[in-house]
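The data blocks that follow each hold one structure.
In what follows, chain A forms one complex with chain B and a second complex with chain C.
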Partner chain A sequence: MKITVKLFASFRIGRFDREIREYPQATTVGDVVRDLQIPEAKVGILLLNFVHVDLQRQLADGDALSIFPLVGGG
Partner chain B sequence: MPCRSFLWSGVADVKNPDLEQIQVFLADHAQDDLVSWAHEQQVMEQFGVTCSEVDELIMQSGFLPARYQRNRHMISISQQLQLLKSRVAVVGCGGLGGYVIEELARLGVGHLRVIDPDIFEEHNLNRQLLATIDNLGTSKAAAALKRVQDINPAVGIDPRQVAVGFDNGIELLTGMDVVVDAIDNISGRLELAQLCSQLAIPLVHGSIAGWFGQVSCIKPGQGTMQKLYANRTADKGIESTFGNPSFTPAVVGSLQAAEVCKILLIQGELLDEGILTVDLLQMQFDTIPVS
Partner chain C sequence: MDKILRINMGASGGPSQNIEEAGEFSALGGRATTSMIVAKEVPPDCHPLGAENKLVIAPGMLSGTTGAMSGRISVGCKSPLTGGIKESNAGGQPAQVMARLGYAAIIIEGKPASDDLYKIHIDKDKVTISVDNSLKLMDNYPLVEKLRKEYGDKAAYMSIGSAGERKMAAASIACTDPELRPSRHCGRGGVGAVMGAKQVKAIIFDDSGCTHRQPKNQEKFKAANRAYVEGIRKHAVSGEGLPAYGTNILTNVLNEAGGYPTRNFKTGFFEGGTKISGETQAELEIQRGGLATHGCHRGCVIQCSGIYNDKDGKFLTKQPEYETVWSHGGHCGIDDLDTIAMLDYLDDNIGVDTIEMGVAIGVAMDGGVIEFGDSEGAIRLVRDEVGKGTPLGRILGNGAEMTGKAFGVDRVPVVKGQALPAYDPRTVQGIGVTYATSTMGADHTAGYAVATNILKVGGDVDPLKPEGQVELSRNLQIATTAIDSTGMCLFIAFPILDQPETFDALLDMLGAFYGIKMTGDDVVALGKKVLTLEREFNQKAGFGAEDDRLPRFFKTEPLAPHNITFTVKDEELDELYNWS
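And now, the complex of A and B:
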């Protein structure tokens, strides 16, 4: 299935801003994060089609997933 | 202990005969509708009143303290008076907090409670407005007191060298019109959000990491902070890798100050339905939905 993956902030460095990527059925948000070699401890907001989700959420063909890093400094 | 000016209740404290004399003095010395700092000082010395009391009397008379004259085409005299009577708690006096405190004091917010348990360390000097070579090893909250007294004596400033938590949060935050989240750890932010929700106080969130940052204005009960950090497994984000440069806290802290100003004046559009993400490396600003 085709998933549009959008990366933000530091996750773009050495990767991409936006790509349509091919994944097998039953792929989860966490699978995509691991496929992109993003450390889970650095994951902040996850938006699936503009709705907040967690790493366990299963994807469907045509979904758009946005991945933001965890930002906590003051 | 809070300083006297933070507890000041207004010109009701000024004796009536003095009040009339002060009003006559102000009317005699206002140029156009501005009262200079030199004349304010004269009133303070002659009548033994505070700067905030004089500011209030000036604005009640339809004049403006001259140091606010560059505010005037976006903030009316009655709005400036509203700011003088407002109470804001800034939690964290480091990178973000230093800029927020500076800007709210210059704006004319009359009561600031500034809270931070930490002292300045050498690695703060690259970005924290309140950090100087001379105040290394001293309280950040105390540095905020000194800075605000230097730039706007009308502001009642109440420094607290403590961390806000469930044990003291009710006492520290009750009575505030707005709370600013300028903390440097995620668990503290989540506690602060819960406290503000409980007290029904709007919370202006800001956080930074390297070139990046985020801002949101959180209405009580909205649960935005919990969503922002729903996937976290650590207490620090990518700032532990990237650190923070001089300009990111200035940008994000200024956005927070603008949100506070709009909340206090009930003006403009707030970032309360969205989270603004800031990417200064690609110079890209995105607003993503809260729900």
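And now, the complex of A and C:
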């Protein structure tokens, strides 16, 4: 299935900003994070189609997943 | 900080000055000091631009010490924008210098009978208040350049631009950064108009011959400061994200969460977000020979700011903050960083709040004054209308509410007359509670529920649901009021919310400095005390429960992409101040 993966801040370094990637059925958010070799402890915010999710969430074809480190501002 | 300087601008025969004992204020600071003095001395029903209003300036409890992050300065008064009490704080150098000069507060009261314009110079020996009509209608950058020739580069400057002199309700007070740029602003609530009403153009602080303020317990203070700095450096937000990308890192976060108010709060996603994001901004700054990492005051270890150069590599402005990029960017349908940076510079120069100004322009766009996305038009409105004080400029410079009325707009995002910042309350319901109930009017910094709702720092409360938002906002508003009194930068909240040992280090610093034992309960008690005073002031000024509300369209118009409305009930909002 096709998943749009968007990376932000320091996660872009050595990776990419945005890619449409192919994953098998039943792939979870955690699988994508591991596939991209992002240390789980560094993950701050996971947004799937605009909604916060955790690493266990299963993905569906056409999903858009945004992965951020811990960030803040304001 | 054992003295208070009181200046009566309306004294017969010209401004008078008096030094008073600081008393209870010698161990207080920032918002606690300004709000307690305003609540005690300003009639709540006075006109904000009249002689009875007072402008109170206070450094933080630890400003002027060797303690890190202690450079916020608070300005308080009755607000010409909201009609309620106001505390607006900024970074830059003035807090440190004013504290080393020994002043717990400066109170500027009265109003001159003549139309003369004054400047106030303060050094360790004396205070000099002098007429200088050559400064009339000068804007902040040329003004500080001129003053530097007279007072030198060791001083710190607070000043108003032409907007303050014209008493616009969006007018700010500029504070100079370490390189003497007037780029850090007490922005919100029109504090610059109150300074303008007092006919004070600039305050110049020179601490030559003064030393750092000395803690009661030097060793303990040093050790606590070390632990505090370590805690700030090791947290991902204050140690990595903010230094590298600045506050504008949030553009992508809020956009991806569907909470980025776009084209005057019509949708929650801006298609041009990537082009104006913190990642793009930091890359561009470095490419043009600017800086993506820069501190607004000496002693800052987060360094969230930066230097934004123009296409030719020449300084244009400091790194625009997230809220500025939003108000002039997505809110106006503008996706060009150079336009936004130019607007940031113009706002700083003229001396207006970037949030209020940007939101007012977006409301004007909704009213058909110019089209959404019109970059040139937005620059023209600020530079040639607000900056020149034309009738249109005076409407815009008086903020979003005034602009909405002038152009018949029925979608005006304000609470208590103050413009909403860069987080849609339908998608970030916790910040909606803060906007509605804060004593300050719509203000994200008053209780930054975005941290818990969206960023997942300091806990996790679902941003899309009403449950738990009132309690969250209440606790954050109490804690923030206390932090605003310490003079600490609010960004220390990220590490202290997540790391109990860093919070303890801050308490130890305060305790070691004043020779007392400071606990978390003391901090909460201080926050509650100040909030209660502020709320009582507002009630006496005429505010009731009906003013603790968001504009109704947030309850009736669903926001894409989540297609939800703000669902925290009015009765729940009314519970915010019911604490035991």
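By definition in this document, the second predicted complex is superposed on the first by the 70 of 74 C-alpha atoms of A that agree within 3 Å, B and C clash if a C-alpha of one lies under 4 Å from a C-alpha of the other, contacts with A are read in each partner's own complex, and residues count from 1 in each chain.
The rule is short, and it goes like this: a contact is a pair of C-beta atoms (placed from the backbone, for glycine too) under 8 Å apart; a residue touches a chain by one contact, two chains touch by 3 or more.
Remember, it's a predicted structure, so these values are computed and weren't measured experimentally.
Upon superposition of the two complexes on chain A, a steric clash is found between chain B and chain C. In the superposition on chain A, A:66 makes contact with both chain B and chain C.
Of the two partner chains placed around the shared chain by superposition, chain B and chain C are both touched by A:74. Applying the stated contact rule after C-alpha superposition, one finds that A:52 touches each of chain B and chain C.
Of the two partner chains, chain B is the only one touched by A:40; chain C is not. After the shared chain A is superposed, the part of chain C among 326-334, 416-424, 542-550 or 560-568 that runs into chain B is 416-424, by C-alpha clashes.
In the superposition on chain A, the residues of chain A touched by chain B in one structure and by chain C in the other are 8-10, 12, 42, 44-45, 47, 50-52, 66, 68-74. Chain B makes touch with chain A in their complex at residues 92, 94-97, 181-186, 189, 206-214, 227-239, 241-242, 244, 249, 275, 277, 279, 281-282, 286, 288-289, 291. Here chain A touches chain C in the complex through residues 6, 8-10, 12, 17, 42, 44-45, 47, 50-52, 66, 68-74, going by the rule given at the top. Within the complex formed with chain A, the chain C residues making contact are 235-238, 240-242, 244-250, 252-253, 256-258, 268-269, 274, 278-279, 304, 321-323, 444-445, 448, 450-451, 454-457, 462-464, 490-491, 494, 561-562. Residue ranges on chain A touching chain B, taken from their complex, read 8-10, 12, 40-47, 50-52, 54-55, 66, 68-74.
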